[in-house]
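Shared between the two complexes below is subunit A, which has subunit B as its partner in the first and subunit C in the second.
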Partner chain A sequence: MNSSPFLSLRGVVKSFGNFTALDRIDLDIKEGEFFTIVGPSGSGKSTLIRLLVGMDDLTSGEIRLRDQRIDDTPANKRPTCMVFQSLALFPHMTVGQNIEFPLKLRKEVPDRRRARALELLDLLRLPQSYYDKRISQCSGGERQRVALARALAFDPEILFFDEPLSALDYRLRKTLEKELKDLHARTGKTFVYITHSLEEAMVMSDRIAIMKRGKIEQISVADEIYGAPVSRFVAEFMGEVNLFDVTVAADGSVSSDVLSSRSGVKLVPAGEEARGLLMVRPEYVGFADTADAFDFTMSGPLHGEYALGSRIQYEIETPAGMVTVEKLREDRRTVSEGETMTVGFNVENTHFIDEAS
Partner chain B sequence: MKSLDQKLGLFSALPVVALLGLAFLAPLVVVALFSIMPAKVFSLANTPDFSAYAVFVQQGYYKSLLWSLGMALASTAILLVVCWPLAYAMAKVFKSFTLVLTIAIVMSLFVSENIRLFGWVLTLMKGGLIEGHFRALTGIGFDSPLYGVPIIVFGLVYVYLPFMLFPLAQGIAMVPDDTRQAAYDLGASRWQVLWQIEIPLAAPGIVVGSLLSFVLAAGALAESKILGGQAVIAIADDIETAFTFGQNWPLGSALSMVLIVIIGTLALFGISKVDLDAIMGRKR
Partner chain C sequence: MKASRLTRNVLFVYGILMIAFLYLPLVSVGFASVSQARYLSFPIRRYSTKWYGEAFESSTVSELLLTSLSVAVVVTIVSLVFAFFGALAFARYQWRFRNVFQKLILLPIFFPQTVLGLALLMWFNSLGIIPTWKTAVVAHLVWITPIATLIVAIRAYSFDPALEEAARDMGAGTLTVLREITLPLLMPGLVSAGLFAFLLSWGNFPLSLFTTGADSTLPEWLYAKMVSGYSPLVPTLGIMSVVGSFLLILFAFALVWLMRANKEARTAQD
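After this line comes the complex of A and B, so read on.
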């Protein structure tokens, strides 16, 4: 395989007047990868995708595709294509005409256009009878598939997605997430997906980039972003989390004003003393019946109990702050509000976020 | 509940129905009836004949009609081309400036059409604002562009510009930015975006604007009289003459009927092709 990256961004800056929307973005995306860029609104992810597609010019930096600079190529000459949040289907054309639009622009003959459109309808699991339907006759999920088929008809090197599922209801979104992942596997294309939803990112992506205020905070696989975030922002963005202020000594021993730990408990030695956050996800916090069953323990009154469907969440008001515990429904406990509870977790389930770095 | 709503709706519509019946339909019926009366009568109590329509053909009134329709067509075509960029800018580019522009254009409608046309005469005539100054400064004179067909078409374009511009801007505003960008992203050139996306999606505005300006221009007479110096006679001019100097109501009515039928057919055809609800901002 080619060793140089497929799509690479170097020092990409986009500013609007005094406001820097994107601040020196470096990013490499591999061929055939499902890459997701996640961030809250205002993080610059939409600006980034507009630059990648060619709908905006960058202020400085460069974008290369297969080692060719593409940042000064206009959108209609780039071998990339985007599925819009609004889908941007052409309401005055039928489903078939929508799908054939890019082929027609390339002067493909009508027979071959039609054949390709029908092929794509099959690929997207839409009946071939949809070819002559009007867009207004299609449901939300069907429109989604038409938009995908149209983008695939273009046969892009990279397919970009700008939150295409955000307007759909929960069930349909879940179905389409899986279909999209499946489609990615079947077409082998490079997908670059933008979303503000962590769940969407986790379900589909090979790798995830987390953006915050115009910068990329972390790029990694979903597991690592979830289990080993580099900052408080990433940790909190990626779902429920418990964070404790701690100091880790050079030998890995943890000291804290708020946590009591069993003697001899050590993190993987950092080599030098560091202040930071000790993170543990709620599913790794357990109820301690005997205080020494866990490496770290704390106790306090139960603040609340919430049913999350398959899981139950407990919040306990400890001296270390509110601690969130999640248990599967089958491990539910009978508790009453205000009851003092002791909870704890083990060092192997924690992750240390060095705040200095 | 629904039937009550319907009843209330019909009931509320009564006054306007009565007004339209009386003020719009009744004169139309009278004109239609007069058009099949013998020449120069002033009563409907005569044996109907089609002599007035025969006069329309025999005495060359169809020439005026063709001139009117031709000049209306030319001015509508010019208006489309001239107004598109401005309407586009008003709908998509200018922000608060659109309001300023709208007010400025609407303000021009506050001054009577005839006065504005005479203003152009003073500007363009030999020894007028332009030629007079030019001659005084350079000593070289030139002929006035007044009193010809092109200046009539110019007058029609000038007077009916708002009637094309505003519906067109409305139509262009209905083209979602995303669809334009998507087409561009899928490889379309700017021209292809214009022809395949923007024009079809702005069609309601184009049809309404074209209809308004064509219908108004086809029935216009001030431009050919004032700017054109009657270089050609507009059909509306013939109709006016027939009713006034000619004292021939049946002829005037027949000429009116021909114009009404042509324009009415055109308007119905045009409106049937577009979704008026869309441009009125109602949900489809």
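After this line comes the complex of A and C, so read on.
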């Protein structure tokens, strides 16, 4: 792996008339990395990937690949390839012809094209007999694999993915997520993946970038984005979360209008006073059986109980707002709606989001 | 839901009646063409194929067929070229005047053909162009190109733009994308548009009447002979024209079938 950035974006802007779809994006992606860009629809992630593959022109800024500017290079001259959301498999060609398409463009001889296509069918765990099948005879998951094989036949420097799994059902999606991760490991290629699904991002990626309204909010590994988000947006985007308005004093002690804490509870001192949000994920909130079981405690009537399969979610209406608690099914409590419950969490499971920064 | 026995029987009889209503007149033309008598009267007393023999030998007939065929072939080719690019502009690309274009292109279909023919004739006259079968080609194109464009556009609408982008992304230039992706995917639309263009031109009367000048197409001649100088050559040529159209449709089907078979054969050996 190289230490200098492999793919780097500097001050990338894309506007459509008065609307700024991408606002000064800076981004470095390492060689061989599985990098995922996550964001809600309209966050600009699809616009970004279209710029990266060369299907749209940027308004300003630059994109470099191995220190060579590529933003002026048209899509058909860039050493990158994309797997489309619709997969874009050519319906008038067979599976084999689809996979061989990029090789045919490079004027490879038919024998070598065929050999490579069969090799790729093996790699993607499709039977070689699929070579002569029509695209319409393939299932959703098989089409996914054909699209991947075709992109790999191109042998790109970077493989881009534009939400290719979003149309599949849950089980198949889970299987393919793992296969993609495995394929990434086996091919050693750089994968840049776009999705609106946080779960997909967390399962597969080395690093994740979260986008919001044309800007990147946070770039980090999955654990850090989940456990230490930089903003309310990231915290809420990354799943269920409890957030409380607090002020943290210079020595780390927490004061809040809504939250009562055990005396002497301190966050890691920030050095100066800061206002912000104290975050705790629902799985770290527990039922307080004794008064001093947790650093922070609150109580209120049970508002609702939801079964989420392996986990159970409780919503409790406390003076600090609605608090969400998540427990494994085996730790389920028998409670009825409206019953008063006391819950709490410990300071080491919290994260402070400084809203000034 | 399965229709009851009664419903099915009623529908069957209704269908037969409809088909009889539509095609019996054609059958009567067929009978007229094989009658030996000079004037049509039923029942036919003596059957004969003499008029077909005369048709094949007549130099007028071969001239008529040649004119009609020339017009139809040129119209088909030119309208297909226009329709291909027009359909892409109509259905695939976002551009500033697309909305206006989509409406304007339909306009000629809404004009009565006689009005359109008259207008074109006056236009040719004012430009000092002497009408021949070539001006008829222009007239037919004005009316047929929109139809061909619409037929190809329907196909173009069901076309995922990502297919072209994907081909481009894998290194294909503009011409390669056109040849490898756009053209093959629009081909079924182009075949049916070509068929329509040919048949509409082949059978067109009002536009030809105004714009062929001294030349005459088959429908024009049929009409002229009906008005004065009827002979059983009229129904004979009518039937020949219908059979010709029918053969063309068969030919088109055969072509599509051959293309498919050829592709499969190529795939198998590739």
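Here is the rule we go by: the second predicted complex is superposed on the first by the 356 of 357 C-alpha atoms of A that agree within 3 Å, B and C clash if a C-alpha of one lies under 4 Å from a C-alpha of the other, contacts with A are read in each partner's own complex, and residues count from 1 in each chain.
Keep this in mind: contacts are C-beta pairs under 8 Å (C-beta built on N, C-alpha and C of every residue); 3 or more make two chains touch, one makes a residue touch a chain.
Keep in mind that what you see is a predicted model, and the values were worked out from it rather than measured.
Upon superposition of the two complexes on subunit A, a steric clash is found between subunit B and subunit C. Touch criterion met: A:Ser136 reaches subunit B, while subunit C stays clear of it. By the touch criterion defined above, A:Arg213 lies against neither subunit B nor subunit C after alignment on the C-alpha atoms of chain A. By the touch criterion defined above, A:His303 reaches neither subunit B nor subunit C.
Of the two partner chains placed by superposition, only subunit C is touched by A:Pro110; subunit B is not. By the touch criterion stated above, A:Gly96 is placed in contact with subunit C alone, subunit B being left untouched. Counting contacts as defined above, subunit A residues 53-55, 75-77, 80-82, 84, 86, 88, 90-92, 101-102, 105-106, 150, 154 meet subunit B in one complex and subunit C in the other. Considering their complex, residues 53-55, 74-78, 80-82, 84-86, 88, 90-92, 94, 96-97, 101-102, 105-106, 110, 114, 132, 150, 154 of subunit A touch subunit C.
Within the complex, the subunit C residues that touch subunit A are 160, 162-163, 165-173, 176, 180-181, 184-185, 267-268, 270. Residues of subunit B touching subunit A in their complex: 176, 178-179, 181-189, 192, 196-197, 200-201, 203, 284. If you check the complex, the residues on subunit A that touch subunit B are 53-55, 75-77, 80-82, 84, 86-92, 101-102, 105-106, 136, 150-151, 154.
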